[in-house]
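Shared chain: chain A. Partners: chain B in the first complex, chain C in the second.
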Partner chain A sequence: MAISSPSNKKEKRWKGFDIKNHKALILGSVGFLAFSAIVLAVLGPAVEFPIKIGRTISEGIDDSIGWATTSGAWFLDPTSDGVLRFLLLIKDFFEWLPWPIFIVATVIGSYKTAGRGIAIFAVVSLTMMGSLGLWVSAMETMALIVVAVILSISIAVPIGILAARSNLLDTILRPILDGMQTMPSFVYLVPAVMFFGIGDVPAIFATIIYAVPPAIRLTNLGIRQVSSEIVEAAMSFGTTPRQLLLKVQIPMAVPTIMAGINQTIMMALAMVVIASLVGAGGLGEDVNRALNRFQPGEALLSGLGIVFLAIIIDRVTQAAANERQKALMGER
Partner chain B sequence: MAQSDAPKLSIRGLWKVFGHKATGGDVPASIATKSKADMREDDGVVLALKDVNFDVQEGETFVVMGLSGSGKSTLVRTLIRLIEPSYGEILVDGENVLEYSEQELVEFRRRKTAMVFQHFGLLPHRTVLENAAWGLEVQNMPKAERLERARETLEMVGLQGWEDYRPAALSGGMQQRVGLARAIAADPDILLMDEPFSGLDPLIRRDMQGELVRLQEQLHKTLIFITHDLAEALKLGTHIMIMRDGVVIQLGTPEEILAHPADDYVAEFVRDVRRTSIVTLRTLMEEPGLQVRESYTPSKAIEEMARVGVVSAFVVDAEGHYVGVVSFNSAAEAKQRGDATIVNACISDEYPALAVNTPVESALPLVQHEESALAVTDSEGILVGSVQPHTVRDAMAQEAQEASDARESVGSSALEMEQSSLRTSSGNAEEEKTTTAT
Partner chain C sequence: MKVVKFSKLAMLAGLTAMFALALAACGGDEPAADAPVVEAPVEKPTLIFSDLNWDSAQIQNAIVRAIAERGYGYETDAVPGGTIPLMQALIAGDTNINMELWLPNQQEAWDEAYKSGDLKKIGKSLEDNWQSGYLIPQYTADANPGLKSVSDLPDYVDLFKVTATGDKGRNIGCIPGWECEVINEKKLIAYGLDDTYELVNPGSMAALDAEIVDAFTKKEPILFYYWGPTSLANRLNTELGGYVLLEEPAHSAECETAEPAWGCAYPLSEVLIIMRTETAAAAPDIAAMLGKYDFNAVNQIAASNYMAESSGTYAEVADWFLQNTEDWKSWVTAEAEAKIAASY
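Moving on, here comes the complex of A and B:
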């Protein structure tokens, strides 16, 4: 009996398509068909929208950005200056750093965190980049990435923490972050140039907009994920909210926050070519130039340079996050 | 156990309704009169605690018992406001915890209470030692001092040598010892324990219960212990409060609950418990009968025995401590030897005293081969009564008869047999302790 019952049920369901229960569906379809027929008969196939406000709004936005550029100079100029100064500092460092030291340091670092495979990969790929003549561009790109990532993290972690503690902020933030991640980056390149002029600064600005959401999301998630019993246990001993955050929630969220930082770095690298459109230098500029001069070989080599950097950084940061996760789970 | 008159902890009219916004003041009629099911249906709120009242004296072990959903875990959390109660008063040392400001509450949690959790709630990224020191760290005690205190406490719970491991490397039982050490290290007045041993397997659980009893004898904390296991409640509790659906069903001593279950719900629990493992000699003992001082002369002792019409008597010292037994014959021999007192005539080896809190079950092997009444003493060794060997044997026989009746009606299970054999073996261990103590 039990075996035959499913087929019985099926049969019943077919037979029992009950008109009473689907009245709304049937009425709706009939109504919709009638409405479509009337529209086609009266207005024809090419009906225009009666309201057109797109142009007014876009012009309004243009005007307000123009206004912000001039009257916000007191804020924009020092910001631009500060970022530029920071970037130059880092750039000078990377340009000053002799390549053998960079290679050896990278190899030791990746061997310690990610193991032998990545260490070997780092030696080979970095040597290749040197011999392909990509070294100077690669260092410039590194400087851009480092600055963009440091700024992204210093924005993302505090916002992520706040979002973890306030459901309201979390709800407000979610669609904004979705928008930042899906909005085509060209859209905010133009205002970036208007605000900061051509060069590295608008590139960094655009990179931050694109790369900051995952770090915010994962910081938020990491803190919310801390088991409620551990939080309760910690609180039962009389922690202040500050002690709870600094001694329990953040340490336990570190692996997730690090995963967010890893994603931020990857997304910053993905922005390198687009950022070169507004004047950023480095490997992205090389790809862009090759594109304009129709040199696919040159473009491929520079692109490979970005890939190598991405793989090394990704594996090392991921390994570091895993290490931390293991330490949390008590596997020493 | 010393008890002052004012209770350490006093709960008055405590309510918790999840999803209901408390209005302050009195409990509104819409809440007070409805049943739990109606509340969920009509208002979408969940009743967790309904007008709970109880007192806990300093130094006692107060057990709250109930099945899941009975509100017991909510209750223990409301005591330190991990969950805010809707209405009522929580008085600790006469102060209403619900009126505390944010800072006062933090201070209260730091100084007055500490809690042990079912799933331990240890910080996985810290070592055992750092976990044990957590309460002290939160109090901002200097590092060297708090680690020293934590080390001492870990030693108390038998975890020396494990200080530098992380919790994940330890077994469940050991992790809960860390939880216990963490709570004790903070030196609170009140220890809250939320089903601390429920996640452990039976042998470890028994072990930990013993450990808790031992620690409690040392520390004399006020203990609020949550459990769903009546056997555990009876073993540990000085008072037991049974809850169902957020309502207190019965509150009493273990013996009261065993003897007079308030309703079928409680009776259902009690049915599964072997009474003789809980009921102590206190319930079976009689008046001690004739007592003679060890300073009496042999002739005076003989005189007394002849007057009352017995052939032996218990001997006590000036403070009433039990010394031994003197018989008519031994007193007569002492008189012939010309002894000044009956001290030498007194036989103590063959007549050990039984502690008044010995469970009947554990007392059985001790009285098995005795013919005459045995002395019963309190924890200070003062003679408080006597017990006839046949009374103990009768009580055990009655229990066995009831158990076999029950088994015939429900059918015996292998598990039950196993549990009862475990119980007997632990009974033997306790009995050894009693013997060496007396």
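Moving on, here comes the complex of A and C:
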């Protein structure tokens, strides 16, 4: 039908299909069909895979997790304790902070960076969260996010810088970061409990695993993106590698790094409900409880609380990054 | 451009027509191929089980599915999920049997569904054998012979202190949203433990289980709420040195409403088998079988142990159960028993 169509173009394209150019394809297809036919004839349609090692490996992993939790206690327990004490400090601060101060500070901050629209949005959404009874949970979530993000940044920026300076590290890192972003969080949630005990600490670690990759990737990218002309110019003025990094490359990369941090914050907020499955408090716990009780309304309100926090933080950090970008352009 | 588009359209139409023709040809063949099949089968509903996401429910589902398929000739299926979505699925008719409806945890949903007449209590599941309360590991009990009852707990605060709970002892509570979460809070107050202990929310059953196993493996003291005989409680007993249930005042209906409320043990849980009313009517033999069904603690522990030893699937556990135990024979008709035996 297509051949008989009045379109000249079509006919030309059809004629362009020359069998000579596709010998490999045709031979391959025929070979594949023949192979399939032989397999079907000899082994039948439901061929069992000859080697089965899944269970052996998974049991080995179970054993090594058990071994690591006991023999790694000298490292895990103080780490867990340190993170927890840091979190308790931040939590106490957010719990102590009276809500009018938080709202006014947020409004001023968002007005300065992101403008009037977001300031108005912040007033409305924060007052709404207060009146919906989500305030205490929201502050607990804020504390969790703040700790997870601070830890993420302090991991991501150094690793990102190293990756920018070493192509080998970059190559090794890439599949690991892919894995961290796509591995279902439930998979590492339970081992996290075995390592750090129930509560906020495994939640923070699970959040970091999920949220740290964009900050690493974009730090790496940001530094690699600094144009070679600028680097050359700096070198010609006799900068040391250290000065080059600290005074040229990192400052130039800040907008990109900020974009990465923005992504990290958003992903950390997305983990809030999953984190509640290992005993983390806050809005995530409210969602978890409401769903276990079949109260979709409650769950939706708590979920909206997470959305409001996300929008405010997102707009403010993005605006800050843009401002920095503009300042850089001005400098140039 | 228009010409090209027309040709594409023509090609699409042609392909669609060919596809439709091919389909029609296939369709035309089918009745002919099916024609010589035996007489029309009896109209039996497909039994769709709520495959609740914990061990005992999945073992029971596998066993009842094997009985229904092998002994009574039903087709069965199972829809996996959590308590709440599967209760909604049952009410909506997406599934039609639930082997474990826990009361009072799901009292509200059950009362409503029962009133509507859509769901029917068919039998009891695990009843009378299940209890819940505060547990400590055997090694903690051995090391602290004075710790026998909840009223001894204030003297042992230091034992259960962790960083997260500060000066208070850690009392790991129930899954958020379950009825026991609210009851545990009331108990803490009724026992006067709210000054010395903090209820810690474990978040989910997976996390709770992981925390318990980890503490038992490291022989650390831990105070937690749990229920049994579950596969985890069974594992604690067989592999990890056992647990001790702290004594509590006996349960009574009055203590639930006294002031302060719940200064007493949990009652034995009621676990119902429920079916959609129309499915029970369409499959009376299955409803009758489930009425006699009694998967008691002995059966449960045996199945759970077999599963742990063999690392088998639930279906394999069901096959083992039907070939190696006797209790199920009193649930089924003689005819079904013979069919099941013959099917292996």
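Some points to look at:
Note that the second predicted complex is superposed on the first by the 309 of 332 C-alpha atoms of A that agree within 3 Å, B and C clash if a C-alpha of one lies under 4 Å from a C-alpha of the other, contacts with A are read in each partner's own complex, and residues count from 1 in each chain.
The rule is short, and it goes like this: a contact is a pair of C-beta atoms (placed from the backbone, for glycine too) under 8 Å apart; a residue touches a chain by one contact, two chains touch by 3 or more.
These numbers were taken from a predicted model, which means no experiment stands behind them.
A count of residues in chain A touched by chain B and by chain C gives the higher number to C.
Once the two complexes are overlaid on the shared chain, A:Ile172 sits clear of chain B and of chain C alike. When the two complexes are overlaid on their common chain A, residue A:Ala290 makes contact with chain C while staying clear of chain B. After overlaying the two complexes on the shared chain, residue contacts for A:Pro251 are found with chain B alone; chain C is out of touch.
When the two complexes are overlaid on their common chain A, residue A:Gln243 makes contact with chain B while staying clear of chain C. When both complexes are overlaid on chain A, the residue A:Leu27 reaches neither chain B nor chain C. By the document's definition of touching, neither partner reaches A:Leu40: not chain B, not chain C.
Once the two complexes are laid over each other on the shared chain, residue contacts for A:Leu328 go to chain B alone; chain C is not touched.
In the overlay built on the shared chain, the residue A:Met235 is in contact with chain B alone; chain C does not reach it. For chain A in complex with chain B, the touching residues are 227, 229-230, 232-240, 243, 247-248, 251-252, 327-332. On chain B, the positions that touch chain A within their shared complex are 77, 80, 82, 105-111, 113-115, 117-125, 134-135, 137-139, 166-169, 179, 182, 186, 192.
Across the complex, chain A meets chain C through its residues 1-2, 5-10, 55, 66, 69-70, 73, 80-81, 84-85, 88, 186, 189-191, 193-194, 197-200, 202, 276-281, 285, 288-294.
Looking at the complex, you find that chain C touches chain A at residues 3-4, 6-7, 10-11, 13-14, 82-84, 87-88, 109, 162-164, 172, 175-178, 181, 200-204, 206-208, 210-211, 213-214, 217-218, 311.
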